[in-house]
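For reference, the structures are reproduced in the following blocks.
In the two assemblies presented below, chain A is common to both, partnered first by chain B and then by chain C.
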Partner chain A sequence: MKIKIKIKRFNPNEGEESREPYFQLYNVEAGEGMTVLDALLKIADEDDPTLSFRRSCRSAICGSCAVSINGHAKLACKTQILPERHKFGEILVEPLANHAVMKDLIVDFSPFWNKMSRVTPYLTPPPGRQEQADDVKITPADEAAIDRAQTCIMCGACNSECNALEIDPEYIAPAALAKAWRFVGDVREGEKQKRLERLSMEHGMWDCVRCVHCTEYCPKDVRPLKEIELLRSAAIGRGITDNHGAKHVESMTQSVKRVGRLDEAAMTFKTLGFLRSLGMIPFGLKMELHGKMPMPLIFSQIEGMDEVKTIFDEIEEKKKEKE
Partner chain B sequence: MSQLKYAYYPGCASQEITKESSKTTRLVASALGIELHDMPKANCCGAGLLTDYDYDLYIALNARIFAEAEQMGMDIMTICSTCLMVMSTANRDLQNDKRLLEKTNDILSKAGLHYSGNVKVKQFLWVLAEDYGLDNLKKKVVKPLSWLKVAPFYGCHSLRPSSALGFDDPQKPWSLEAVIKALGAEAVEYKGKTKCCGFQVDLVAEETAVQMTGTRLLDAKGHGGNCLVTPCPFCHINLDNYQGLAEKKVHQKIDLPIFHLSQLVGLALGLSAVEMGMTRHLVSAEKLVG
Partner chain C sequence: MRAAIEAAKSGLNVALVTKVYPVRSHSVAAQGGINAALNPADSWENHAFDTVKGSDYLGDQDAIELLCREAPEDILALERMGAVWSRDFDGNIAQRPFGGAGYPRTCYLADRTGHGILHVLYEQVIRHGVIIYDEWHVVKLVVKDNAARGVIAIELKTGRLHRLHSKAAVIATGGYGRVYKTTTNALSSTGDGMGLALSAGAALMDMEFVQFHPTTLPRTGILITEGARGEGGYLLNSKGERFMEKYAPKVKELASRDVVSRAEQTEIDAGRGVDGCVLLDLRHLGAEKINERLPQIRDIAINFAGVDPIEKPIPVRPGAHYSMGGIMTDVNGMTAIAGLYAAGESACVSVHGANRLGGNSLLDAVVFGRRAGAAASEFCFQTAFPEFPDSSLKDAAHEVADILKRDGGEPAFIIRGEMTAAMENSCGVFRDKERLTKGLENIRELKERYKKVSLSDKSDCFNTELLAVVELGNMLDVAKAILIGAVNREESRGAHSRTDFPRRDDEKWLKHTLINKTNGELKISCKDVTITKYKPAERKY
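After this line comes the complex of A and B, so read on.
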C-alpha cells in the first residue's frame, strides 16, 4: 500500500529558496512491520538521495535515529508505519525539538554532549584511594539501584520533549540527570557530595518542572524523572539544602508533618526566605483583593494526625536502622 | 445508570487558594446527581515534593489516603491533576510490587491502618467523560456554550505518566475536547495543550515558570481561544493568578479568562458566575459570562 510521508526539510547551505524549513511529501510503498527508518532509507535509496538523517544499528541500541514522529520524539527504527498512521491519520517526521537543526532531520548534538560532560560521566574514586576502586564489593541490590539509568542510549528523546529545556536552554535536562544518578547511585563513586552540590546549582536538577515528558517518551524506559527524584532525595539526605528547590521540599514535608496538608503561606515564606517573600507583597496584595492570599493554617488540621505522626516516626526509625 | 459515588479528594490547593474550584465541583456534582463523600482524614499527597524527600514516606502517606477510601468502599475522585498523578503513581507501585505493599502495610499497621490495593484513583474529567458519560452530560445542558472557543489545557499530570494513569492518550488526548463539545462549545486545537504550565518551579525557578506560563497562554490565544479550561488547580494558579506577571514577561496583553473544568460545566448547567466563585479569578471572565 502507498503511504504518504510528510518530512520537514531544511538546508541552510543551499540556494536562497531553501533557507527556510519546508515540508516535502513522499509516497512510500509500505507493508506490515515496516518502520519509519525503513521508509526513510527507502526514500533516500530510490527517490531522493538529498534527504539527510542519522541512523546506524536499526535495532534501538545505538540511539542515532531519534526524530519527532507525529509530534513526539521516537526512535525511527522502533516506530512502525501502519499503527502510527492508523492512530494519527498521517506520518509527519520532523527533527527533534529543543535542538538546532543542521540539515533536514539532523540536529546539533553538541549542547547534549556538553550537558553530559557537565555531570562528569565517569567514576571518581574516593580521595586518596586512587588505586583501590577494585576493592569495593558490589551486591545485586547495588547494581539494581542504577540499572535503569545505565540503559540510556543517549538518543536525546527526553531532552527533545523536556518542557524546562524548551524555556531555559541552559537547564541541564533529563538525559544528563539520569546519567548523573548512574554515578551518584554507584557504591564505588567517591565524590557523591561534590556531584550533588554541583547538581543543586542554578539550571540544575531543581529546575525540573516535573512535566513527565522524559519518562513518558524514553524509548528504553530509563524514566529520567525517577532518577531526578533519587538525586533530590540523596542531596537532601546529605544536607545539601541551601537552595530554593530543597527548601521547597523540606517546607512541604514539615507542613504535612504539622497539619497533614499543604500550608501555602508558610511554604512560600520558607522557600523564598524573608527578603524574597517581601518582594512577593505587591503580588500578594493583588491576590488578596480576589480573596486568594493563602493564610497560614494554624488550626485546620486533618483528622487522625496521630496516624500521620506514627507514619513519620516509623519511616525515621527504618531509616536509622538502615544506616 | 447506577448511582455514582466517590470518595472526594479535592487536594490542598482546592481547599484554600482555588477553593472556588471545589465549591463549584460540589454544585455541579449535585446537579448531575453524583455523590461526593468527604474524606476528613485525608492527608496531602505530597504534590511530588514528598517523593523528592523520601520515596517510602511518600508511598506510606499515599497508602493512608487509599486506606480511608477503601474503608469507605469507594474509588477516589480528585479535581487536581497533580494529586491524580502523584496518587496514581503510588497506587501503581503498590499494586505492581507485592513486597512494597507488604512493607507499607507494616508501617500502616502501627497506625492501625491497612490498604489491600483495591482503590482506583480518578479525575473529575474522567468521571464526566466515562463514568457519567457524554450523552448523559449533554442531556443536562440548559445553556449550550455556543459563543465560547475554548482552549483545552490538559497540562502534564492528567496525561503522564500513562503507565500509572492509563486513561487518556498523552499523544492524542480526547477527553477534555469531548466534554467541551458536549457542553456546546467549540474546542480550539493548539500544540501547547499537553505541555507544562510552569507551576512546579514557581518558587524555585521563577523566570522559567513565568516565561512558560506566558508561552502557553499566547499559544492558546494565538490559535483562536477566547478562554481556556483546565482540569487542574495548579495550572489555574499559573494561567490565571500569574497571567499578569506572564504578560510583563512576554511584553503582550493576553487577557485570557481561565475556567476550572467544573465552572465550564456549571455554566452550561445554568449556574451563575457568582455562585461559581468566578470573582476570585484575577483575569475577569465578565465579558464571556455576563
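After this line comes the complex of A and C, so read on.
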C-alpha cells in the first residue's frame, strides 16, 4: 500500500530565500510491520538522498532516532507506520521540539549533553571507598530503586515534550534529572547531600511543573517524573528546604493540614516570603480581572477535618514503620 | 571508551572521535552478558578451556588465558565505576548459563548488559575529561614510515575536514555486520576501522570467520539474546520437535553459536522450517520469569515481530552477528604500525578464533580495551611527537571533493544492496568454492563500479549520503577480505563451514589467515596459532 509521509525539512546551506523550514511529501510503499525509520531509510535510498536524520541500532536501544511523529516525540525505529496512520490519518515527521534544528530531522543535541554533565553523571563513592572492591553488597531491592532510571537511552524524547523546558531553556529538564536520581538513589553514592543541594537551585528540579509529559512519551518507560518526585522527597527528607519549591510543598502540606484545602493566598506568602509576595499584587489584580481569583481570599476549614487528620496520622505511622 | 578512560587516567590528553555520540555505539545493543569466573566453584582455567574449545582451537591460547584470568578483576572494576549487575538474593553478582560454557559464568544486567556497561563507561569518559568529537567520521589514518601520526576526520555538521595530530591512535570501531543483508548489527556497523587500517598498512586476521547468531528476527535481523535460551528457551522446527537434541544431545540449545546456527539452517534447508525460520519457544518459562529476566526481549518481539513470547513462540533464523576476525594485534592491542592500536570487535587478538562464545565479546572489549589504552599511554610517554605530513590533509580533501564532484554515476545504495546480497548468498552459514568464487567476482565488479558512484546531495551540513559512500568503500574492502579468506581456507572450522571440505584439518589449517594491502591489491599469508596447554581435540557438545 502506498502511504503519504509528510516530512518537515530545513537546510541552512540552501539559498537565502529557501532558508525557512518547509514540508515535503513522499509516497512510500508500506507493508505490515514497517517502521517510520524503515520508511525514512527507503526515502533516503530511493527517493531523496538529501534527507538527513540520525539512526543506528534500529532496535530502540541506542537512542539516535527520536523525532516528532504526528505531534509527539517517538523513536522512529519503534513506531510502526500502519497503526500510526490508522490512529492519526497521516504520518507527519518533524524534528524534536525544544531543540534547535540543524538540518531536516537533525537537532542540536549539545544542550542535552551539557545538562547531563551538569548533574555530575558518574558515581562518587565516599572517600576511602573509591578503590575497594565489592565492600558494599547491593541487594536486588537496591538495584530496583534505580533500575528504571538506568534504562534511559538518552534519546531526548522527554525533553522534547517538557513544558517547563519550553518556557526556560536553562531548565535542567527530565532526562538529566532521571540521571541524577540514578546516583542519588544508589546505595554506593557518597555525595547525595551535595547533589540534592545543587539540584534544588534555580533551573533545577523544582522547576518541573508536573505535566507528566516526560513519563507519558518516554519510549523506554523510564518515568522521569517519578524520579523527579523521588529526588524532591529525598531533598526535603534531608532538610534541603531553603528554596521556593520545597517551601511551596511544605506550605501546601500545612494548608491541607490546617484547613483541609489549598489556601492559595497564604501559600503565596509562605512560598515567596512577605516582600516578594507584594510583588505578586499586579499578577493578582490581573487574575481578578480575568475572574480567576479564588474567593474568598481567606478560607475557613472544610467539613470533615477529622478525616484529613486521620490521613495525616496514617502517613506519620507509615513513615515511622519505614524507619 | 575503555581505552580512553585508561589513557586519560595516566594524565594524557585524550580525545574520542566517533561518527555517532558515544552512548549510541553498538555495544549498547549487547543483551545477554559478560563472562567471568567469579564463583569459587568455577575457575579461569575452565573459562579458558571453554573459550579455546569454542574457538575450535584457532584462538591464541596465551591471549585467551590472559582474557579469562583478568576477567573477574575487570567485572569488579566496572562495578566500582558504577555498573549495577543483577544480583542473587544474597547480594552476590548473579550469573546465568550461556552457550558453550561449562559453568553459569555470565554476569548480566537483565537483558541490557551492553547498555549498562556502555553508559557507565560514558560516565567515566566525562569524569576523566576526555574530549569528545562526536559526529566526526574518520576518513584516513595517517601513517608515515610505519608510524601513526593521527587521523583525518570529517565533521558531519559542517562538512569540514580536520586533522587530529597524535602520538598514538586506538581503533575501536566495532564490526562490519552491515556487509550482510540480514544482520543483528546497527546501521553504523560498517567496519570502518578495519577498512582504514587495511589501507594504512595494518594486517587483517581471520576475516573468514563470521559469526551467525542463531536467534535473530526475520526481515530486520534484530537480535534475540542467547540469554533467552540460557533462561531455558527451546528451539522447535515446524513439526514441533526440539531439533537440537539431534545435533547436540548433551547441551541442546546451549551448544555454541556456530553449531546451533548450522542446525537451524539444516532444518530450514530440509523443509522443516516455518517461513524460512525456526521457532524460539519461551512459553513454558511463564510470564513472571519472562518479565523479570527478559523484559527487553518481550518488547522487541512485540514491537518488531508482532509476537508476545508469553503467548506464542518467536520466529528466528541465523543472522550475521559478530566478526571474530579483525585488525591483527598483540595482547596489548598493538598492530604492526608503531603507535597504532586496536581493540574490541574491530581487533583480532585472537581470543575468539573460529567461533566466539556468547558473553565473551563485551569481555574482550573491556579487557583488551583497557590493555590497549594502557599500552598506548605507555607508548606516548616514551615517544616524541612525530611530525604530521602536511600533504595528507590536502590529499584527503581532494578525495572527498572528488566524490562530491562526480555526476551521473549510480547511487551508493544500489551497490550496497548488491554487495549485501552477494555476501549473504555466497558467504553465509554454509559455503563452497563455487559460490565463494562467484561472490568474490561480484565484489570485484562492485569495487570497479564504486569508483564512479555519485551523490545527489552536494551540501556540507550533515551530508549523510556522503557518509554512506565513505562507509561503502570500507565495506567493500572488508567484504573482499572476508571472501579471500573464505576461498582460501579449505576446511571447516568453527563458523567457517565449507560443504566441499566438511572436516577440520589441523595439519594444514591450524593457522591464522592474514590479509595485507600492497599497492592496492589484497595479499594473503598465514601465521601459526599459539598453543599452551590445550591440545586440539575434536569438538563435541
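Odds and ends about this structure:
Definition applied: the second predicted complex is superposed on the first by the 283 of 323 C-alpha atoms of A that agree within 3 Å, B and C clash if a C-alpha of one lies under 4 Å from a C-alpha of the other, contacts with A are read in each partner's own complex, and residues count from 1 in each chain.
Rule of thumb we're sticking to: a residue touches a chain if its C-beta (ideal position, glycine included) is under 8 Å from a C-beta of that chain, and two chains touch if they have at least 3 such contacts.
If you're wondering where the values come from, they're calculated on a predicted model, not measured in any experiment.
Of the two partner chains placed around the shared chain by superposition, chain C is the only one that A:Lys78 touches, whereas chain B remains out of contact. Residue contacts after overlaying the shared chain place A:Glu94 against neither chain B nor chain C.
Of the two partner chains placed by superposition, only chain C is touched by A:Asn11; chain B is not.
Of the two partner chains placed around the shared chain by superposition, chain B is the only one that A:Phe312 touches, whereas chain C remains out of contact.
Of the two partner chains placed by the overlay, only chain C lies in contact with A:Leu123; chain B stays clear of it. Judged by the touch definition given at the top, the superposed model places A:Pro49 against chain C, while chain B stays out of reach. Every residue of chain B that touches chain A in the complex is listed here, in rising order: 12-13, 15-17, 40-44, 46-57, 60-61, 64, 85, 107-108, 110-113, 156-157, 160-162, 170-172, 191, 195-196, 198-201, 203-205, 207-209, 211-212, 215, 241, 244-245, 279-282. Interface residues of chain C facing chain A in the complex, by the touch rule stated above, are 20-21, 23-26, 28-29, 76, 79-82, 84-87, 89-92, 109-110, 112, 115-116, 119, 123-124, 126-127, 157, 186-188, 219-220, 222-223, 296, 299-300, 303-306, 411, 413, 455-457, 459-465, 468. Those residues of chain A whose C-beta lies close enough to touch chain B in the complex are 70-72, 87-88, 163-164, 166-168, 171, 202, 206-213, 215-216, 223, 225, 229, 232-233, 236, 244-245, 248-250, 252-253, 255-256, 260-262, 264, 267-268, 271-272, 283, 286-287, 290-292, 294-295, 297, 302-304, 306-308, 310-312, 314-315, 318-319.
Contact residues of chain A toward chain C in the complex are 11-14, 32-33, 41, 44-46, 48-50, 52-64, 78, 80, 102-104, 106, 109, 113, 116-117, 121-123, 125, 130-134, 137-140, 143, 146-147, 150-151, 153-154, 183, 186, 188.
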